[in-house]
Every structure is written in C-alpha cells, then in structure tokens.
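Input: structures, listed below.
The following pair of complexes shares a single chain, chain A, combined with chain B in the former and chain C in the latter.
On to the complex of A and B.
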C-alpha cells in the first residue's frame, strides 16, 4: 500500500527530471516550463476549475477502462462509446424539451444508454459468435467515428454553420457553473463514488473482480461468467458514454467535428498507468489533465510548443509503469540481502 | 573426512523479500553413497540442491567440490564439472528418439560438423549396456513410459560423464511396479562409484534405498543419520518436530443410499479422442470411493464433466436422484463440494484476499451473505464467516485481508477444504487433495476426508497416490484409457493388483 504511493510519486519525479533533460537538449529552460505549466493548471481558482473540467472525460473513460480490465473483458471501445454517448445526448437535447433539472437527468441517462448500447453490441457478438471483444470494440470505434461524422453532417447538421456540427442543444440541458467550477465535476465525483461502491460492495462487483483475477476459479465457484461479461461491458460502456454526454453538456453544447479528440485513448492510458485502481485513476486523470491544461497556457507565455506536454505524458507513462515493479524488486532484493547477512553471521 | 566429494558450508538462501529458504546449512556428501535429503514441502531441500547445482544463486556460504571451492553460475558449469540434476518435470523432446535426446547438445561430429549418427547411437547403446538400463535407443521418447523417460534423463547426464547425480523426487511419477527397477539401477550406479543425492518425502523408500539421510526442517538441517540405524518414525519426528500418526483411524459403518451416480458417461475431446468411455460409477452416502489410475487416463475429464466444465457426449450424471448432466455450474454446486487438484488455477485466486477466496460459492448460495435483496454483499458477515473458518480448520494466517498467495500450501488447502466442507453438500469430489502438501498437512486432509465419511457424505476421491487410496477408500476403481477397468472393495484387492490394472487395463493378471 505504502509502496504504491511511493513508487507512483518517485515515478512522477523521475519522469519530470527526464522531461527537464529533454527540454534542456531542445534549448528551453525547464524551470520556466514547469512554472508555466503549474501556473496555468493549478495556480489559482480559475486554472484549477479548467483543469478539473478537463479531467472529467479523462477520468470517466479511465474508469471505464480500469473496471473493464480489472474484471476481465478487454473493452477498448471507449472512443466509440464516448462518441455514441455524446451523439445520444446531443440528439436528445435537440428534440426533448423539459425543465432544466429533468432535462439534464434525461440527457445524462441518454448518454449512458448510447455508450452502453455500443459496448453491448460487442458483448452480443461475443455471446452469439464468440467474437473477441478486443477486436470488435476496436472496429466499432471506426464505425462510431464515421457514423457520428455522417450524423452531424447529415440529418442533424446545423444548416447555418460552415463546418459539420449540430445546432446547440436546449439550454435546459446545459450544465451550469458555480463560480468558476462547472457542475460537470460533480457528475465525475458521483461516478467515482458509484464505481467504487459497485466494485467493492455489490455482489456483482465481487464476482467481476474475482473473474478478472481468475476466471476459471470464479466459474467453478458458481459465478455466471457470461452474465458478468455482459454487465461489465454495459457498465463500462455507459461510463464512456457518460463522458461524451457530459462533454457536450458542459462545453460547446453541441456535437462538432473532432469532439472526441484523444480523450478516450488518454483514458485507456490512464487506466494502465493507474494499474486499474479506481482511486488511482481519479488521481492520475487529474494529473494528466493538469499537464494538458497547463501546456495550453504555457504556449502563450513561453516559446515552448505545447507538444512538449505529449512528450512529458509519454515519459510519465513509461517511467511510472516501469518503476511500479522495479521499486518492489529493488526493495525486496535489499531486504533479502540483509536477512542473509543476519543469518550467516 | 572419508572421501567427501562435496561439502556445503553455511549455505544461506533468502528468496526476496524475506523467505529464508535455506538457513545456514552445512552438509557433506561422500563419494559412492546414496544420500537422501528429506523434509516437508518448503523445508528447503529442493532449494539447497538448486544452490549446489547453480540454478539458484546463494546469498552466503561456500561449496567445495573435490576440496576446491566452486561457484556454478548456471547448470552447464555444474554438468561440465561433473554434477548433474534430474528435475521433477521431465524435459525431453517427444518427437526425438532416445539416443537423439541423449546426445542433444553434445553430438559426436564428423570432420565437417555433421552429426555422426552411427557413432552417437553406438555411444548411447554402450552407456545403456554399461548400466543395464534396459532401454531401446531407437524408440521415440513420446511413445515410451514415464519411467523410461526418467531413465533417459539419467542417461543424458551419464553420457556427459557426471559423477554426482541429483534426483528431485524421482519416484513421484512412477507406479509401484516401476520403483524397484529404478532403485536397482541407482544401486548399480552407486557401486560404480557415483554419488547420488536424492530428494524425497516418502520415508519408506528413503530407508530402502539410501545409505545416509539428511533431514531438513524450515530451512535448517536437523541432522544427518545412517539409514541403517534409523527408523521411519524417527525420520518423521525429525521432519515435523513432533510425532505423527501415519495411519489415520477409520471407523467401520455401512454405507447408505446411492448419492452419486453416472450412467454410460462418455466424452470425446475436440479432436475426437474418446477420453471417457461408458463410465458407470456409484458412490453411496458414507462411502469413500477412490479413483486410481496413471495420470491422463480420463480422471481429469471425469472430474470436469461432474463439475460442469465440459459437456459429456453421452450418458447421465445424477446426484441425489437429480439429473445434473446439463445443469449450470451453480446448480451443481448446491449438491457438490469440490476440491480441485490445482489450487492456484482452479481452487483459488492467488492475488485475491483470503476472505474473498473463503466466501466463494457461499456468497451466492447462502442468503446470509446478501443485503438489499442480493444486490450487496454483506462484508461484515463475510468477515465473521472467514474468522469461523480460520478457527474451525485451524488456518495459520496473519490477516484475512492478505493475498491468498501469502499462505503456505497446507494452509491454502485448509481454506479451500474448509470452504467446500462448510457448503454442507451431500457429495464431495476431491481431485488429488494432498498433491504438493507436506506430511503434517496430508495427515490433516486425511482426517477431514474421513470426517466427511462419518458425516455420511458421499466422497469421490481421485488420487495418484495409491497408499493414500488404500488408507482412505472403501472401494477402489481403476481408470485406464478412459474406461473403468476394476471396481472392488478395498479389502478384496491389493496394491499390486491395482498397480497392475493401472498399467495393463483389463488384461489377464500375470
């Protein structure tokens, strides 16, 4: 437990040092870069609010990947489920008109439904034809990509716009801000809480976890592996869909081209860095959001291109994942040597 | 010092982070002796041998071979120096012939580097004759018996002219008939001047075969004694540190109604091989039926068909009159307690906590584990349940929240046994329940199995250990190539007859 925190922190520090070295090679002053990164991501209420808001899609898709991987199913369809969730929420917001609180609730549910259906399609193909969800979810990402592109350039296009996008959704479905902070953050916190509760307190969560660790044992113990597979796919699909819906409702209030960006893939990456831990996913999601948010501001006041944030992210992933095991191995070996000396004496 | 060929001095090995596997052990082996190293599982005997052989780096101590300090970094160096080891798992190429396997890596060559097959074959034949090994050098390794494969492993080392042979539990894979032959061959090797170190925990064979015995317990050497002047009881006491009863007590009582029953049970695997052929088997309440057989003769398929991992191609399985041939696994688990042979793969999740392992199956069958109409798992009840299991089956654990892998093999098996017995089912299926356990734990498992019988449950016990079957079972059936070839009460058969059926099937006895 203690080691997890120590190795995570050491990994982050090591990655920042390596990043500094790369910047020095490029002729930048790493101290300036890091100061700017910090200033525009965490240095004040307004930057903090932006970082938190940007963390929402990362954390939610990260949770989706973490829960799927920890339970066994290789759901790599977060990008597609994200887009379908966004599309469902948008279309709902265009045609359903309700009082604000109800409207928000309906759109959130629609977003989750969209993601769940898209993941459920992969689950169905697995159940009927034993097709690997690994391949199917990846392929469905492409289909979702082109399907949503068609939807916003065809049936739902805003005729007055110059590029493919939908009109704005009913303002009743816009997520309001409290001070600097957008309420989308509350949904993220609630989602983390619900995920933790389901995963650690529900009977289904117990079966998911044990199936993820040893599926044969869980099966012999009477767990219904097929039912659990389908429910994990639906649950994680809904999480990714929710991320897409919230992004629309908090931000541009419409589905515009390139909306998904890299959020979902970053989420998968965060799940891997967090070793599928739920709380770790929240923390790393926030951290990566800080780097991405800070990089945009940094570009304004320094000559450093914001792409340096991608270099930093790559280094972070490599170093954290590598150091997780390395630290344990090193500590264990040292302990073994100490013991051996004690015995031989 | 009389001809000590190998001296180990103050050897220490710690597996990271803090498992002291070998704790300051000093022992010497003489030229031309058979020296047994005995101890419970985890006593450090295998590790000690691996340290000597260079497979595991040591953390302290010195090794002297022919009075020179040596430090093998890998097995090849040990073999070159004249020390060879035969592992428990046999590592040969089944598609190659005996002589090809033996010369592999050290082939005699002609001037252009081609393998001189005629000379290689002749050299191997010479070795076979020299040690009277009774092997056909041209047989395919995939087609010869396990015992013969073991001989090939030994010959491989002799071909490389080793003078010290280390054997890791050589008899574990052999049938009772094959053991005397191996012992004869080992005896001849010793008379020829070879030193044989042999790891075992079967005390009887240790006493018949070896000249001296070193006993280890928890990484420490307890003593080295002459085989002639010691006894089975003394060795057992040294191994476990207390007296053990090697014969469990069984009470006589008449079995009740039929609980478990298969009719014409058959199974063909994906490649169309008949793995189970017309199995008719019954187990009554209060009866232990033992299934004997050389591994791979359909026992595993029988177990899998009963628990529902594979779908039989024909026949029925009934428990308490209910046809479960096609029932989902959870339905079966209401009637069947199951202890699988492979703890880490089928019996538990090693990385999950002890608690999470202890409540498996109970969590869905026992309503006390449910809250909110089965939506939530009642972790408070799960903690109480695990505490109860810990006490009732005297499991030694630091905390129930630790990973399952932190338990010793014996304690892992106690948790699994406890979990399955607490299910209170009428039928108990045990697949090699003592595999890989130490003497103390085996004794514990045996007592539990007999308790199940006294509780009037029907027990089907699959075991590769004939002595265990004869100790526990009321009836013994023998499986051979997917068929039941013998079925008789334990009083009306013998170790020899069952061993013969295991090898020859239904054929006429000699």
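On to the complex of A and C.
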C-alpha cells in the first residue's frame, strides 16, 4: 500500500521535472508555467469547482476502464460508449418532457443505457463469434464517432446553428449548480461509491475480480465466466455512457460537434496510471483534470499553448508506470537478497 | 471503365499507409512484442514529413524527417518496454497519446495554427510515370502514375518477406518471439533483436506517415492517422503477421476506403461512407474467428 503512494508521488514529481525540462528547451520558465497551471486549477474555490466538474468524465471513464481491466475484459471502447451515452441522453432530453427530478433520472438512465448497449454489442460479438473485444471496441469507437457526427448533422441538427449541433435539451434535464459546484460532481461521487461497493463487497464484484486475476481458477471455482464477461462489459459501458450523458446535462446542454474528442483516451490512460485501483482512479482523474483545466487558464497569461497539457499527461503516464515497475523490481531484488542472506545464515 | 480505374486507384491509395505500417508491425509481431504504437509512430511520421518538406523545401528531406520522428517514438518505446520492462500495452497507449499531444502542441508552436496546417510551401511526394507501361490502356493507368510511396510499399512487401523468412536476422527475430529464453541461451540477445524490430517498425511507420501527409493529401491535420494504425494492427492479427497476407488484407481495407468514396456519389451521407473501413475490419475479424474456431474443433 505504501509502495503505491511512494511510486505514484515519485512518478508525478519525475514527470513534472521532465515537463519542466521540455519547457526549458522551448525557452519558457517552467516555474511560471506550473504556477499559472495550478493557480487556474486549484487556487481558490471557483477554479477548484471547475476542476471538479471537469474531473467527472475523466473519473467515470477511468472507473469504466479500471473495472474492465481488473475483471478481464479489455474494454477499450470508452470513447464510443461515452458518445452513445451522450447521444441517448440528448435525444431523450429533446423529446421527453417531465418534471425536473424525474427528467434528470430518466436522462441519466438513458445515458447509461446508451453506453451499455454499445458495450453490449462488443460483448455479443465476443459471445456469439468469439471476436476479440480488444479490436471490436476500438472499431466501434470509430463507428460511434461517425454515427454521432451524422446524428447531430442530420436528423437531430439544430437548423438555426452554423455548425453541426443539436438544439438544447429540455431545461428540466439541466443539472443545476450549487454555488460554484455543479451537481454532476454528486453523481461522480455516488458512482465511485457504488463501484467500490459492487467491486469490493458484492458477490458479483468478487467474481469479477477473481476472473480478472485468474480466469481458470474462477471457472473451476464455479463462476460463470461468460455471464461475468457480459455483465462487466454492460456495467463498464454504462459508466462510460453516464460520463457522456452527464457532460451534456451539465455543460452545453446539447450535443456539440467534437464533444467527446477531449476525453477519447483519458479513461484508459487514468486506469493505467491508477493500476486499476478505484480510489486511485478518483485521485488521478482529479489530478489530470487539474492539469487540463489549468492549461486553458495558463494559456491566457503565458506564451505556452494549452496543448502542453497533452504532452505532460503522456509523460506522466509513462513515468508513473515505469517508476512503479522499477520500484517493484528493486523491492523484489531486495527481498530476494534478504531471503538469500537468511538462508545462508 | 473510368469508375473502375478510380476505384482501383482509391484502393491503392487507401491501402498504402495501412500496408506500410502493418509491415512494420510484422517485425515486432514476429519478435514477440505486443506493439500497438503504430498509430503514434505514423502520426509522428506524418508531422515530421510536413516539417521537413515545408522548411527544407524537399520531399526527400521530408521523408527523412518523418522516419526520424517515428524513430524518436521507437526509442522511447525501447527505453520503457525493453530496458525498463514496463507493460508493452501501457507503453504503446501512452506513446499514442504522446504522439497526438506532441504533434498537436508542436503544430501550434511551429506553424501557429490549430487543427489543420495546409500551405503551398509543402512539397508533396511526386507521382512516378513509368515509360512504356503508361502507354498500355487501362493497365497503364493503374500501374503507372502512382505515388512514389506506393512503389516503395510494393518493394517493402518483398523485402520484408525476404528479411523475415530468408535471412539469419529474420530467423533470430522469429526466435525472439517464438522462444526468447532459447534464443538468449544460444548467445543472441533477445533484447537486441526486439530493439532492431522496433527500429525497423518505426522506419516503415514513418514512411506510412509521410505518405499520409505528403501523398494521400498535402497537409497535416490533428490526429490525421485516424485509427489507421489500429486497422494495421488488426491486419497483422488477421494473417498472423505474414507479409504477403498483410498486403492482401491491406488491399481489402483500401478497397473499402475507395468504396466509401464511391458511395458518396450515390447520396449516402459521408459519415456512413467513412465508417466502411472500420465495419470491414469487424467483418474480417468475424471470418477470422470462424476460421479459428473450425481449426480448433
């Protein structure tokens, strides 16, 4: 447990140093850049609220990837499931008109349904034809991308807009803000809680974890591997879909062109950095959101383009993972040496 | 006839980047590396090609720089997965992200534009007219006048085939994937073979990228590889890495690409025609799975 914290913090520090080095090469003062970056993401209540709001899609897609990877299925389809969830919620918001609380509940369920259906398609192909979900989900991402692009430029397009987008959804489905904080954050916290409970306290979650660690052992122990596979795909698809739906309901209240582009691979990235841990996913999701949110503000007062955040993120992923593995190797060696010494004594 | 020529030329243009990247991936496939960084290498190559062609006023230097950019990614891959033993899947995904981030950032930084950089100063890779053959009706229109990179891709298929199956280097490469411990104990370093495979892969992915930004179109756009690296990975898996098989599969994907363009003339929305290659990949995967199941049964 302690190792996780040590390697995580070491990795973050090392990555920030490498990022500073890249900025120095480009002729920027890294201290100024970092100060601006974290000023605009963590310095004060209002930036903090924006960071938390932006963390919602990151954490939810991250949870989706974490749970999938920890349970076996290589679900790389978060971008597609995210888009389908967003589309389902948007279309629901356009045609279903209910009182506020009910409307929100219906739209959230629709978003989860959209994501789950798209993930379920991959699960179905796996069950029926044994097609690897790894490539299938990747291809479905592309297909969802074009499909939603068609939907918002064709049947659901706002005729008065200049670029492809849908009209705004029913205001009853808008998620309100309490002070600076948007209520999507509550959904995120609830989702983390539910995921943790299901994954760590429920029989289903126990079977998922078992299948993820040793599929053969799980099968011999009486788990229904196929059923678990499908349920994990549906569950993680619903999480990614929820992320898409919440984004629409909190932010632009409509499906804009390029809505999911910023979150495309972030879920998988965060799951990898967090080593599929649920709490770690929440923390890293928040941290990555801080970088993304801060970069936009930083661009205003420094000459550094906000795209540096993408470079920084990739460096973070590589360095955190590498330092974790390197630390494991060092600890294993030390352990081996200690045992050898004990045996010799 | 015109339609057919257009379809075939569209097929060739669509197949070339996938073919080149997949041939690169074949090296790593045989060397036993789960390499999913083709997408990023291709993107880095495409960016390098535009930088070289625009600033150095030469498509040759553009190609050189595209290979150099792809090699940088390969070196990072080698550092992390071969030297530090991080997970290959994780390294690959991080590298793909890095390629998207770095090229977007550098495009903004060097050209001061967002989204797309198109300029008349970018010199494309020329088309090659082959004397005599270009006189032949129909065949001349297909065999001659293609982009130089298309001919390089054809040569690459033969060269990769020869290198992997007919040379000592190729045998050791396959041994690295087949039984690494055995290769190591016979005095050949597996790590070195994998390094070589990754470098070769980067060279070919760089060429694929150069074709994208200096041949297929003459511009650089954010994330312009658009999943072609993933399709090439699918192609490799579908034929278990065989270079000739990769060529056939790439042509099939290229055909679906050309078909998509053709369908646009029949009032099919462009978003659906753009889906065709990805749907084709799913269909190919279906036939592969059915075949696998029969083989096992």
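What we mean here is this: the second predicted complex is superposed on the first by the 329 of 345 C-alpha atoms of A that agree within 3 Å, B and C clash if a C-alpha of one lies under 4 Å from a C-alpha of the other, contacts with A are read in each partner's own complex, and residues count from 1 in each chain.
Rule of thumb we're sticking to: a contact is a pair of C-beta atoms (placed from the backbone, for glycine too) under 8 Å apart; a residue touches a chain by one contact, two chains touch by 3 or more.
Only a predicted model underlies this, so the values are computations on that prediction, with no experimental measurement involved.
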- Message: On the A-aligned overlay, A:343 touches which partner chain: chain B = first, chain C = second, or both, or neither?
- Response: first
- Item | Touched chain A residues, chain B compared with chain C | C
- Item | Contacts of A:130 with chain B and chain C, given as first, second, both or neither | second
- Query: Of the two partner chains, chain B (first) and chain C (second), which one does A:210 touch, if any: first, second, both, or neither?
  - Reply: first
- Query: Does chain B (first) or chain C (second) touch A:4, or do both, or does neither?
  - Reply: neither
- Determine, under the contact definition given at the top, whether A:202 touches first (chain B), second (chain C), both, or neither. first
- Item | First, second, both or neither for A:329, with chain B first and chain C second | both
- Task: Classify the contacts of A:150 with the two partner chains as first (chain B alone), second (chain C alone), both, or neither.
- Result: second
- Note on the structure: Residues on chain A touched by both chain B and chain C 329
- In the complex, chain B residues that touch chain A: 10, 12-18, 20, 23-24, 59-61, 307, 309, 328-330, 333, 338, 340, 345-352, 356, 360-361, 363-365, 369-370, 374-377, 379
- Message: Which residues of chain A touch chain B once you look at their complex with the stated criterion?
- Response: 201-207, 209-210, 213-214, 216-224, 329, 331-333, 335-337, 339-341, 343-344
- So in the complex, which bits of chain A are touching chain C? 26, 125, 129-132, 135-136, 138-139, 141-143, 146-147, 149-150, 153-154, 265, 268-269, 272, 305, 307-315, 317-318, 321-322, 325-326, 329
- Item | Footprint of chain A on chain C - complex, ascending | 76, 80, 84-87, 90-91, 93-98, 100-102, 104-105, 108-109, 226-227, 230, 233-234, 237, 269, 271-272, 274-275, 278-279, 281-282, 285-286, 289-290, 292-293
